[in-house]
């Protein structure tokens, strides 16, 4: 077993996270894409930890899981709030701050 | 060899899970795919002999975060017509995929630049005990402030999500 | 005694702050302003009295300011800056006299700030200090035009600020670069003129840096092509601001050419000389021609000012004693004449609510005193013998001939250029039949005469006995010129 | 032991204050004013306790046996701490009226402010990337929540959403970079990274370079560099006024704490690699920012756009650091201080006015302001002058240092561009002055508000002028040199 | 003695300033004060001038009085003092300027007595006197130039005296502007001369001493340019157009300025620079040619004018042409002699014309006069004498001076010039007698109320009539039995041409014949009845309309300048310079607007920008990695 496939996998995951943020308008998907990006970093951290043979990477990953949880809480809250405001999950709807609307 | 095939299966799950997550129209399907991906990730942690991380991933990421997300998804109960119409979804994906390529290339090339092979792990690697030892010897400060982070996030989330009578302009 | 220059600069500022802080009434305000300006005038006379024409830079005051970058608070006065210093101090009380009935307090505050700004710029010997004053004096002008002006005042105020700031930013860049070069060579920072002038730059850099300074001065003067802020600003600004702009601020551009242009880039400036001289000669005629059909008096004399300033700028680039002496003398005399004419236009505007030539005429029949002063100033702008302007023009023309025959001929067209507009203007403004606006035109009152007579007197004295004034600055420019010719010759 | 405790006391007080406020907010008896006072009390305590450390030039690692070298106390972090606490105090005090006029504020708001201040302070002190990231997240998440605090306002929620999505997305880059660095170095402590870079060749540092690049993405995003800028205008606009003020004046500065620490200590040997990249970004930021600023009618948006330009100036200095300028780092510190003073003042006045009206402020609203409120208008003019870099204000000296450092490092064109955008900025800042002074109003003149916020804004104005022209001539008051010395000392403490 | 020179100049200036101040501060002060001060100043100057002249008369010819009042400018080598000199040329000029000036002042006191701005008038008048005396007495060309300019200024003020009518002001403008055009040449000449002579004192004496060291082409250039100055002041082609219009001023002004003093300044200047012109005779010939053409041209126009003052104006221009013929050909003393005699009869003519105008309540058209002999007997007699003098009928003053000029022209071999001058002599007699006949003889009619002219107006006429009759006798040349006293007194470096006495007689006869021919023609055509000229043929129209020169100038210069002015404002400034500025500002703003279009509010776009940024950064880093 070599680390390269892991690297490729992490890269793909991170990229897919970015793609998800950009291409989707569904706020849940956007939120999960961000989680995905962070998770792929976790994979890398765990991998490095394994390669280095120390536990630092794993600990960082563990802390990251907490960070992910924290972000998730806030994300879910804002999604709920927005859904309550506009009855939609479409991120494009929330564009009242565009230059056109403020000029 | 066994490891390789396990890796292949987990990787496939992970990839399809995340691919599904970003491409399903229905939120709930995306959520479920994401759940799958997260579980596969947990599997990969296990494959990397990181048992504690595996546990944490299952318990926190999967068990708490994703499941709560699913619950929220269900609770907002989005029906078909409230979902965003995304006719150009795949075109956007293509565009962003093209744009993301240089980044991915850079990332991959940098990662593989690290010429390291998997070595045999020392005894107790990935165990709770070693994890705890590292955490509480070297990483006390981050661990401490993560608690503040969680607290702050919680306060924030409560403020944001709390229902209040809408009376101010 | 050595702090006297600081008092001269900051006295008006402190007066402003003090009176602004206590929100004094209008009466106190104007008496205070007048007293402060008179005090400053006395101090300047004191400086002039103790001034030694052969002594080079005097009354030098150096205090540390931003020590880390070697920026100092350095002041000093020499023959060239003394001329401007005297002018400012002389004009300010007269302006206050003009403003005496002005009830808007902001007017007074701004004028006092303006005095601090322009005086500071004249006396600073540290480049950053100079830049500070150079920019600061723009602010009161901005407010004066935009707040108390007429016409499209807001737009015009913005225009003058933006165009002048463009110039000063380029100068700022050059200052920074010079400062750094000095640091790179010597290992310590300094922005003092005397230090930076010792730098030996390579010609290419030097040309670029000199260009930065020149742009600032070209806009301030303004040379042709950099001038479109001028007429709108003069046209919109209230009279005291116009007087300061034309009599002092524009002259600071010329002063800058000397102090910093030649002070820092002795030899490099000759690279630009053909260009600037071309622009100046074009300006001399172009502005004059432009003024012919200008219906607004203020705008007309804005162009007139431009025309004469082009001539002064030309004189600065003609490196001989006649042209330099003439330019410096012209700075003073043109300042007086243009102050006079703009004050007259202001008085005219107060009486008729118009400075449009088409609305005027026949003033001579009702107001002989007004007519006398108006015609006198108009003619002194045209370089009438007996007024200082004639002496100055004569000197510059001779200097131009010293340089080159054709430059001389083109410069001598100044004899004609002012004629083009002045006389036609006089015909339509003060002479001819009266109009609705000028019926029952009130003649000048005692206060207004008191304000104008010193200017007239000084113009006559400068014209009849220039030898009273020339020795004040001659040694200075002779020394500078010798230095310059030496370094050009040394190349 | 005790002295070490004393050293971290300011931070501890902040977080304790946050907890205390959370607890208080359960009790319905307290009014907003009480919360405000409590928050200000804790912050001031923190500030006062921190102040003496400014004269402490040693570099101290706190509890090295437990924390390792993760938590550092040096002059640099102290200076930042002081700015954060001061910024928060000013934000709270100046906005007293604003809080009163908006009923959506409550106790948790102040807790969140304190949390984010705590995050920023930790960020300034952290000598380790993961700590820095978590600290950044604390600050960010609190600010996200603050930005969306006006829940019934759609703009506010939208601002929060945008800020959060984009912030988290770029935040992932930070931790990705950290991971890469960890992969190469095996440690995330800054000292170790520096040692690693010094001790290894090109190919080994490659991972560190990529990691550094990714970390830079986050920093660039947070300071609003183009093309990572698009959130700035929207979020500044959407967020409630006190929050915008807090973000613009305080939070923006926080990022420079970690950026400077990284570039000056960590990446010092290799940071020339990024100079080209930074130059490109700087050019984009300067031009794009000025484009954004000149086209705005809304003042919050204009200030947001202009804050992008200010980031551009600081980026000039950052790339100058990479190209070996000695003066660049203190220049940034000084610029941060000058920007802090001016923008706190400007936003303070805006929020002061906004607290009395419900609509968002545009240039038009300032017509005749000088007649209505001459003192406030004069102060606003001072802040605008400072922001535009007009001489005799502190903003001018800030720019002076930045451009000098750029020239020092040979980035003459960049300095030129910086000066050009400074020129363009004159337009939009002077436009406000023109609006205030050049138009008449029918409204009668109002008295100067001699309350706390008015006095504080006045103090800021005096500081802005003093910072621009102050000399050491007047005894007992530090002149401009004092400010620079502080900046220099702070930077020196890093090395 | 020399200090008198200062007083001569200073007194008029001081009295002008005094009267001006009094006028401005107390507009209603008594006329007596103005009259006394106004007449007193030139009278005093005149007395002092007589002393000076007496002094010089009793000294050798090369004695020059010098006095330095004070240092004017001293900058580098440019060391100019306000200094005065008087030699015999000066003395002559001083004499007739102050003498005739005083007479005209007296005349003016009566002529202007009803004017509200009486004090102003005398202030300007004395200013003029002072300027003219400054010009004449100046020790160096620069001070001379100052006087030269001040003369132009005071003529501007005086011509535009009746400023209510814009036409008069316009005439004044024209005068000053064209004078200034001349000054333009003058100042260039002076500057070139100064630069060429650099290092030496710049006085007439030192220039004279050093002129030999200069390149002759340079001298020619200086000479030409100086003459440009003279053209302006002395109304020669092409700068003459101001002179006829300048009749807009009060008649005493016309008499003083445009007859006796100011216009002769050009001739004086050429004579003063005679040492220079003697170096370059070809320039002199050019001057003579211009003089001849001007003389003929003006005489032609004068023959068809109907405004009494305009006729006199053109006649002045014509006579000035004679003077330039003389000085151009090196006959400086003849030229100055003509200046001298001309001063008497031309002043007389103007003042007589003024008397007629006053009598007819400001009627200037000669065809509305006629048969005035009865009513204005004294005026008629004096004007008749003046007409005889100007026509060159012996033994009146004009004959001797004009004859000397014609003889010089003939003797120098410039026959073309001589022929033109001779023909002009005929024309002169023709138009002068035409005027005289029309005004005093033809179409006699009754006039309602012709006022009695005050004594102060008439007795100066008588004085001048004596002068016009006998002044010529001062310079009777040898051929007519005289001793050429004037020329030997004035002692100018004349280029001497020898002409036999017979030739002189023949020339004199020819002149007289030509004058009689002109007189006869005039008598035949106008003595009984006179009709205004009608432009029935092209040539007549051309002459009546003064060859359309005014119109030509108007179109060629004035309108072009005005058009250029409009273009510079509307096109160059607004479209050009401001256009570029506005274009760049608008461009920047448009770019800004386009850029802010990116700000569309949609978060995924924002993320896309970030990704693009990341992509660019990644590409840059990949590129860097390649290099490592």
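Note that the chains take the letters A, B, C, D and E in the order they are written out, and that residue 1 is the start of every chain.
Criterion: a residue touches a chain if its C-beta (ideal position, glycine included) is under 8 Å from a C-beta of that chain, and two chains touch if they have at least 3 such contacts.
Model, not experiment: these values are computed from the prediction.
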Touching chain B and also chain E, the following chains
A, D
Specify the chain most distant from chain B by Cα centroid.
E
Most central chain by CA mean?
C
Contact tally winner between C-D and A-E is C-D
Taking the mean of the C-alpha atoms as each chain's centre, how many Å separate chain B from chain D?
31
Measuring from the mean C-alpha position of chain A to the mean C-alpha position of chain C, what distance in angstrom results?
64
Per the centroid of Cα atoms for each chain, what is the distance between chain C and chain E, given in Å?
37
Report the inter-chain centroid distance for chain B and chain C in whole angstrom, where each centroid is the mean of the CA atoms.
71
Chain E, residues touching no fewer than two other chains:
596, 599, 601, 603-604, 607-608, 611-612, 614, 618, 621, 625
Give the residues of chain D touching no fewer than two other chains, as numbers and ranges.
130, 134, 137, 141, 144-145, 148, 151, 158, 160-162, 165, 169, 176, 180, 183, 203, 206, 209-210, 213, 233-234, 295-296
Which residue numbers or ranges of chain B touch two or more of the other chains?
92, 95-96, 100, 103, 106-107, 110-111, 114, 138-139, 142, 146, 149, 152-153, 156-158, 160
Can you identify all of the chain pairs that touch?
A-B, A-D, A-E, B-D, B-E, C-D, C-E, D-E
Which positions of chain B touch chain A when the two form their complex?
3-4, 7, 11, 14-15, 18-19, 21-22, 24, 27, 30-31, 34, 37-38, 41, 44-45, 48-50, 52-53, 56-57, 60-61, 64-65, 68-69, 72-73, 76, 78, 82-86, 89-90, 92-93, 95-97, 100, 103-104, 107-108, 111-112, 114, 116-119, 121-122, 125-126, 130-131, 133-135, 138-139, 142-143, 146, 149-150, 152-154, 156-158, 160-161, 163
So in the complex, the part of chain D that touches chain B is made up of which residues?
15, 18, 22, 66-68, 70-71, 102-104, 108-109, 111-112, 115-116, 118-119, 122, 126, 128, 130-131, 134-135, 137-138, 141-142, 144-145, 148-149, 151-153, 160, 176, 180, 183-184, 203, 206-207, 209-211, 213, 358
In the complex with chain C, residue positions of chain D that touch it:
385, 390-392, 396-397, 400-401, 403-404, 407-408, 412, 415-416, 419-420, 422-423, 426-427, 430-431, 433-434, 437-439, 469, 471-473, 479-481, 484-485, 488
Touching residues (chain side chain A, partner chain B) in the complex:
1-20, 22-26, 28-29, 31-33, 35-36, 39, 42-44, 46-56, 58-63, 65-74, 76-81, 83-84, 87-93
Partner chain E, residues of chain B touching it in the complex
92, 95-96, 99-103, 105-106, 109-110
